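Let me begin by handing over the structure; questions about it come next.
Chain naming follows the written order as A, B, C and D, and within any one chain the residues start at number 1.
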Amino acid sequence: MTNTNVQYGDYLQLENILNAQFPESDKHQLPAHDEMLFIIIHQAYELWFKQLLYEVDSVAEIMSKPAVNDNSPELQTVVHRLSRMVTILKLLVHQIDVMETMTPMDFLDFRDMLRPASGFQSWQFKALEARLGLQYKQRFGQEYYISQLKQDKIDIIRKAENEKSILTLLNEWLERMPFFEEPGNWTNYKAVTPVEAGPEHIFWQDYRQLYSGGLAEAEKDNREYFNTVFADANAGGERNLSPKACRAALFIMLYRGYPLLQLPFQVLNSLLEIDEQLSTWRYRHMSMVHRMIGSRIGTGGSTGKDYLKGALDKHFIFAEIARLTSFLIERRKLPVLSHEMGQRLGFQ
Amino acid sequence: MTNTNVQYGDYLQLENILNAQFPESDKHQLPAHDEMLFIIIHQAYELWFKQLLYEVDSVAEIMSKPAVNDNSPELQTVVHRLSRMVTILKLLVHQIDVMETMTPMDFLDFRDMLRPASGFQSWQFKALEARLGLQYKQRFGQEYYISQLKQDKIDIIRKAENEKSILTLLNEWLERMPFFEEPGNWTNYKAVTPVEAGPEHIFWQDYRQLYSGGLAEAEKDNREYFNTVFADANAGGERNLSPKACRAALFIMLYRGYPLLQLPFQVLNSLLEIDEQLSTWRYRHMSMVHRMIGSRIGTGGSTGKDYLKGALDKHFIFAEIARLTSFLIERRKLPVLSHEMGQRLGFQ
Amino acid sequence: MTNTNVQYGDYLQLENILNAQFPESDKHQLPAHDEMLFIIIHQAYELWFKQLLYEVDSVAEIMSKPAVNDNSPELQTVVHRLSRMVTILKLLVHQIDVMETMTPMDFLDFRDMLRPASGFQSWQFKALEARLGLQYKQRFGQEYYISQLKQDKIDIIRKAENEKSILTLLNEWLERMPFFEEPGNWTNYKAVTPVEAGPEHIFWQDYRQLYSGGLAEAEKDNREYFNTVFADANAGGERNLSPKACRAALFIMLYRGYPLLQLPFQVLNSLLEIDEQLSTWRYRHMSMVHRMIGSRIGTGGSTGKDYLKGALDKHFIFAEIARLTSFLIERRKLPVLSHEMGQRLGFQ
Amino acid sequence: MTNTNVQYGDYLQLENILNAQFPESDKHQLPAHDEMLFIIIHQAYELWFKQLLYEVDSVAEIMSKPAVNDNSPELQTVVHRLSRMVTILKLLVHQIDVMETMTPMDFLDFRDMLRPASGFQSWQFKALEARLGLQYKQRFGQEYYISQLKQDKIDIIRKAENEKSILTLLNEWLERMPFFEEPGNWTNYKAVTPVEAGPEHIFWQDYRQLYSGGLAEAEKDNREYFNTVFADANAGGERNLSPKACRAALFIMLYRGYPLLQLPFQVLNSLLEIDEQLSTWRYRHMSMVHRMIGSRIGTGGSTGKDYLKGALDKHFIFAEIARLTSFLIERRKLPVLSHEMGQRLGFQ
């Protein structure tokens, strides 16, 4: 490596970064001290959203490869980058503490000057939700959020929605898991045998009986979900994960101790943590907005906190994985895997 | 001070504290490693609940004194202890990260052995909610939560409900605020003049006109709330804060810059932060429970997360203060206080 | 307010912010995934440094006013903005968790391409230290850090060093505190009576006797410091705070319960918290650098962690305030203030 | 599982836990409000120390098994529990925020009543350091800390020091890593061939040449360390990790992408994080003590912060692993492993 001559300020483009704050209250000759905080915290959020999109794209790229479902270095990289996303999301939650050092009265000094700008115009955040797997039709208040965006930004989100999301890639990856394949077919990924026959069928049949107790104490809609998971692949058109994929995920959770299932388990776990941090962020965000503007109309022209509340309940992207925890049974009651299966899931 | 001879272990009663963990899974000869974490984290929570109750009692005692509404050292102590409560609640939220290092499968190893024990039997937490101002009739799922508790614990909560809560004391303290009294009456706390007459009436009449814009863009139920705040004291039997008290709180928010209003503003702000941290704790707690047991029945015999979800929406104790932020107007549009009023709110 | 037409992206200058990341590893056709994180986290740090400088400048401006040492709204604003700085610094400490998701091997992929750029070239951070009160002559490794900077950046720091720092303004503000003035002179700020005579002299004489015990158990250099604090103003040329100012600070700590001393106490407390968070940030930063590059030479051309270690011990800006805690005595042993003094420190 | 009848309060032994707070200031009829916080926060710390000891013991037990160095479920459990320890340590750092809500004046109200009790009498924390691998001879201020403890507590720590520590077990585990063994010997753990001969010798010889550049820019004592790592096992009697073990650790860091090295890398990483969190805790603890008592003598009879400062520099338990990061080279320059070696580190 020939010695380069990089300077800190040039490298970080600080001329652009540090001269990009133009408070509206100055333009109106009504300077409001806290508007600088308001601008800088949103710019920091957008920088982190860019980083999150960068990580999610790299994860999607790796998961698109056919060979990822053996424990290749790539899968370790997927886990590493997903857990980095979790770490970043925790920081974004913490960042709300800084925003809350602005009191409602301090915000009032300039909030009317920002209309109709609003955090709901953050196309990066919506693109992030889309890349993870949130579809337009699943969004709360679709018309509203479209109405907030200009066409070029809508196009960016649309594009993100049209790419293969992490959720879609997760489904394909889980369906490829050849736990119940013949050893000979271990490495090639032909369509798997239908659930109606072969070892998988038998395994899950046993499992359903073992689980019957847990099923009894579950809620009704949960029992229905349980059945679709063990029914054939055609059920539940509204679902993002096929029964086959759900069974693979459940199998990973149940037998995560086996070497070959350790990283896959970490993948599932990281995705649930991402969902949880996203929802924590929405919740703290909602509380903060409520505290800041009470029941007023937000600068975006509608009550932001209603949107946030709706999103809170509807935007769980990996909910189908989360629900599988209802179907776990005690380790000591688990079916013991055959020696051959054990070898398959081990390293030798 | 004669030199005592205190030993660390005796002082902290470590013999009792460190020998109080008896995993059920050991009794059943089915040792589950993670049960120790489960016990210790709950014991840590209960220790902190005791501390929170200790602080809230001391705050209530101070606020019961008639003279507290000048800026006495006591009021500073109230602010200091309320913000300590906020700091502790933030720690309790963080503590959920530790609980989440337990996976659903690890919990399954012993959860059935705990029936019917359940976190909903934490009478200290319920007593804390009650001391702050949550009344029994406002609780979500009253019958359910009673059904979870033994009589002696119910009595503890009842006792807490029957004492004057922080919310009640806040109302009395705010009603005593003699902002619009005659200077001569400054120090004595006789019943204040009715709002229909005198300077207060005039002030708020002006204020309503100034605010009309904000009112226009508020939601319907908010407009109604606005009117009750400025109507006579008899309206809204369901309310915990009288119109008079709400007006005093609003006045404090609007003119917090005045020396005499600085600590009162910090009191209101700390109470809102306590509500926010409590609700964040409930939300993270709910997500954690969901992730841990899915849609199963909790050890307590019912779905804990439904209870938590209900509590989430209903248990905002200082909501009436929070709503007042809807009625703020820009500083630059505020009525300028009379010189006499200014002096009253200053130090000389 | 005429309705403006502000758009989110334009308002936040996202075109500039989100297109300011140019990884060196791309230029070298050796793309390193983690360089994007490296760039974005440093840009986020610089955004927050700008905000901290913005707050510190506004605090300095307020503290430059002669009238600030009665409890005016300005003093409340000072407290509010200093504690906001504490909140931001806690976020910057947390941000290190994100940096630590980059492993040493991942950093190695591009670190050599960054030479000689280095975090030590962050002139904003050095300007922040200077504005708070760190003088050039007190810096660890002066030559080194100068060698890292280009002239225009050195000039920025020099300029910051030449303005009145918070520490200097704190000294002037404390010296103005007229606790022991004649009531008549309450509001004018003439030079105070020398400590050798008058009520202040008598007060501290009593205090020294009461404290004698504490002094006995203090370290030697601490005893010397104690004496200089109560000696005349000419002692200790190396000191940033005059004995007169130190006595005022000590008085505030001892009698903070009095209304007039409540905000001043919060000012002192916030400044100590800023120092503590800055040092925590340096410590975590040092650990992180150590973990990242071991004992290698940093990209800046010298071992960064040695610089950080040196700064860690030397860069406590408000150390002279912190040391005063050694001279406190139990509340119950405090000299009772005269009725007249009590009135002066109260509101009536 | 027959339905048990466990009650929350009995299960958690709340009678013992919640009635174990006896403020000294009450006994002296000089009640100090904040002593309750002081007691409860220390009890919470001791509860968490018990949990940390519980986890470290379970990790030690697993690492004592001969077969742990293939990727068995046990190794995953080791990683899981070590990272749980990191999560708990982060909470303990956060807990200092709560302690800091106590001001020096509030502490003064009761601190003299606690003599000679002191946090340095926490035998659980010292046992934790010992179980991780800190030896008595490496401790800062050995005589001092012994003088603080009663014999029965000293015995507890001695016992912990005499058991095989995580550091010792790490060394044995790393030495067993048969990366350069003949394939046929893969599963048995006979003493490995001396470094002077065979594939390992050749591999590291190549590596030293590749690294020469990095060595040039390292510090002197680091170059010496580098040489000992590649010298025979007899060098450096003061060392806790043998050269053979260090080379294995370095190999794991360099080639962590290989399936078989993924969990071992996570083990090393978690141990470094534990060290880092422990040192962050010591640093924040030291700052807090400094702020609380200034330069006074601590209740333990000596200046606590000096002890903490000394410990800060000396008590890095896994420093020898941390230093290896100095010897990494860019991935693209790494020696490509032979096909046979690759297979060994893969799953087939």
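We adopt the following convention: a residue touches a chain if its C-beta (ideal position, glycine included) is under 8 Å from a C-beta of that chain, and two chains touch if they have at least 3 such contacts.
A quick note: this is a predicted structure, and the numbers were derived from the prediction, not measured.
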- Query: Which chain maximises the distance between its CA centroid and that of chain A?
  - Reply: C
- Item | Chain pair, A-C or B-C, that carries the greater number of C-beta contacts | A-C
- Query: So, what's the distance in Å between the C-alpha centres of chain C and chain B?
  - Reply: 33
- Query: If you average the Cα atoms of chain A and of chain C to get two centres, how far apart are those centres in Å?
  - Reply: 39
- Item | Multi-chain contact residues (two or more partners), chain A | 112, 256
- Counting only chain pairs that touch, give me the topology of the graph as line, ring, star, complete or other. complete
- Item | Of all residues in chain D, those that touch chain C in their complex | 30, 103-105, 108-109, 112, 214, 217-219, 221-222, 253-254, 256, 269, 272, 276, 279-280, 283-284, 287, 290-297, 303, 322-332
- Note on the structure: Within their complex, chain C touches chain A through residues 1, 3-9, 11-14, 16-18, 20-22, 24, 28, 33, 36-37, 39-40, 42-44, 46-48, 50-51, 54, 58, 80, 83-84, 87-88, 90-91, 94-95, 97-98, 101, 112-119, 121-124, 150, 153
- Query: Quick one: in the complex, what on chain D touches chain A?
  - Reply: 70-73, 76, 256-260, 262-263, 347
